[in-house]
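Quick notes on the structure that follows.
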Amino acid sequence: MNAVLLRQLVGKDLYMTRFLLVGAVISGLGSLALCTRGPVGFTFGSITFMTTLIALGVMSAMYGVFEERKDRSYLFILSLPLSGQDYVKAKMLGSLLTFAIPWAILTIAAVAMLSLSPGVPHGLAPMSLLVCFYTLLNTCVLIAVTLLIRSEGVVAGCIVLTNLLVSFFLFTIARIPGIAGSQTSMRADWNESVLIVLIVVLVLIGCAIALPLRVYSRKRDLV
Amino acid sequence: MSASIIELRDVRKRFKFFNLESISLELEPGQIMGLVGPNGAGKSTTIRILMGLLHADSGYVRVLGHAMPEAQALAKRDIGFVTDEMHLVKNATLDWHMQFVAAIYPTWDANYAAELLSRFNLKPAQQVKGLSHGEHVKALLLLTLARRPRLLVLDEPTSGLDPVARHEVLSELMDVLKDEQRAVLFSSHNTIDVERISDRITFIDRGRIIDSSDKEIFLERWRRLHLQLADQFILPNLPNIVDSAGTGRLITVTTNDYTPDLHEIFRRAGGTVHEVQRMSLEEIFVANVMRSRKERAQ
Amino acid sequence: MNSSSWLTISQTDPRPMYLQIKEQIRHRVAIGDWRPGQEIPSIRALAIATHVSVITVKRAYLELEREGVIVTRQGKGSFVMEGADLSTTLQEQELDQHLQAAVRVGRSLRLSDHELEHRLRAASEAHGTPAATESVEAEKE
């Protein structure tokens, strides 16, 4: 696929989701601001922050592939000079950027807020970074599922499952000794455990991205 | 490399409830081919296979010299594909679409696009979701025609259009053929459109091509003969008699290979040809489908 | 010449499209609208202008060529055939066609030749000019 076509397709996805992008950044930054306003603000702020990231992930995956299939504009996209694998590449990149641009801003802001803001437990910074990367993994899995499976039921099931797994992930990392200890402390502890969890999440993200590309490299019906 | 624009040979594809069986067709430069069949006959499946969107279980598919679906990225540069199931991006304007397509295809002709805008009476600033069905089809055609693709593949382009919009669309299709290197394949169940503008016609029913030929040959060879019979008349068993119907001493015979000799053959058998009628493409289509179904039932 | 007004094809006309094209061209030549030696639209141009397939127009042109109405020179285009009094013969051919059609209808109505002649004369008288009436009488004698 030539660079012009890829740029047009990714540009299209970003253009179509521009309000989502801006909305997510505003909502996320607002949540973080709330977090600095005492313990009650912190609780509510962190809940709306997580909700923002999760909702953004679901919407990026849904808009990129699912909506396009549902409103039948994917036939228009497929009529362009691209192969099945090109389509997957463009969709992957488009949906991922829709998520990753606000996500990167919010992740940096969250870690910075937790590390620098007085009055919040700085020890939560490593954990928040891991949770943010976990939402990136969730989104990659959802994008892969929407590309590979056409059934609405399966996609809906996957959304529910990945959201449930957020709590499971939190619960699991909170029990890892290297991470658990620093939660309430005022000093962030960036240790090996944090790095290992981060690497595991990154490897899984790589798998979620590679799988659809690999499946579509073989002959496959596109409609 | 062959000179054919489209070449399908013995293409098969199995689905759970439908099979495409041994589809072969060929389209030459400068021609318009009408693919005619009832709903569910396999028109769209055939078109999607030749567009590379579906892969055939077996058979040979070449479009503009490219093997499909493998080389579809290359082939689709020169193909314009529109189906009535295709939608533009609903939250974007027509103008956005025009810029989107223009950036992708170096062959985009901005002057022709502007001309089509005014001819189709479309507003570039309008959002796609506000377009009527007819306007939406015309917008799709505009985006496709203004690229001047060598091959136009249109799946039911005129379905659901009002007579004026249909006329506009058919005019533009004919205009494509000013350039003798270009070709059009369009499917329809509207035989009036097909009859008027097609050079070649392929009839498809229940996953099979039942007949394919130059349109003039169809219109020339298919006739209905009204016969008046003598008392002891036995209808000669001729291979080119597709159907016979009637009661008493008047019967109507449909033939797919009319020659004046038939008069003599019937006379010797004891009948007189009272009248010979030409058939419209629709009548030929229906008779052809019925014949094919009867043959398959046997 | 406005290309869209060369000919019109009617969908209610029971004659096939190629015949309609043939007869309209013949008519244009007969009345001298298209003169001997004049270039006429190419097959493709006429097809595009009338929204009729190329193959249909090609068939009409081939038959007109065979009948000596037009001539197609490879790479140059199609022209009305050069020849004396073409318009008269064409009009005569047209008349013959109409008469043949009348005879066919007459046969199906089981009219005798005598009755047909009678009706033709009646029609001619109804149309009116004495000259025409005379010439029919003269032919009869």
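Order as written gives the chain letters A, B and C; numbering starts at 1 within each chain.
In this section, contacts are C-beta pairs under 8 Å (C-beta built on N, C-alpha and C of every residue); 3 or more make two chains touch, one makes a residue touch a chain.
Just so we're clear, the structure is a prediction, and the values are computed from it rather than from any experiment.
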Self-check item: Per-chain Cα centre nearest the global Cα centre, belonging to chain
Solution: B
Quiz prompt | Relative to chain A, chain with the most remote C-alpha centre | solution = C
Practice problem: Round to the nearest whole Å and give the separation of the Cα centres of chain B and chain C. | Solution: 32
Quiz item: Cα centroid separation between chain A and chain B, in whole Å?
Solution: 46
Quiz item: Which integer distance in Å separates the CA centroid of chain A from that of chain C?
Solution: 76
Quiz prompt | Sites on chain A touched by chain B in the complex | solution = 1, 4-5, 8, 12, 15-16, 71-73, 75-76, 78-84, 86, 219-223
Quiz prompt | Contacting residues of chain B [partner chain C, same complex] | solution = 30-32, 167, 170-171, 174-175, 177-178, 180, 192, 195-200, 214-216, 219, 274-275, 278
Quiz item: Inside the complex, what are the residues of chain C that reach chain B?
Solution: 9, 11, 14, 16-18, 44-45, 47-48, 51-56, 59, 108
Quiz item: What does chain B use to touch chain A in their complex?
Solution: 48, 51-55, 69-70, 72-77, 79-83, 85-92, 96, 100, 103-105, 140
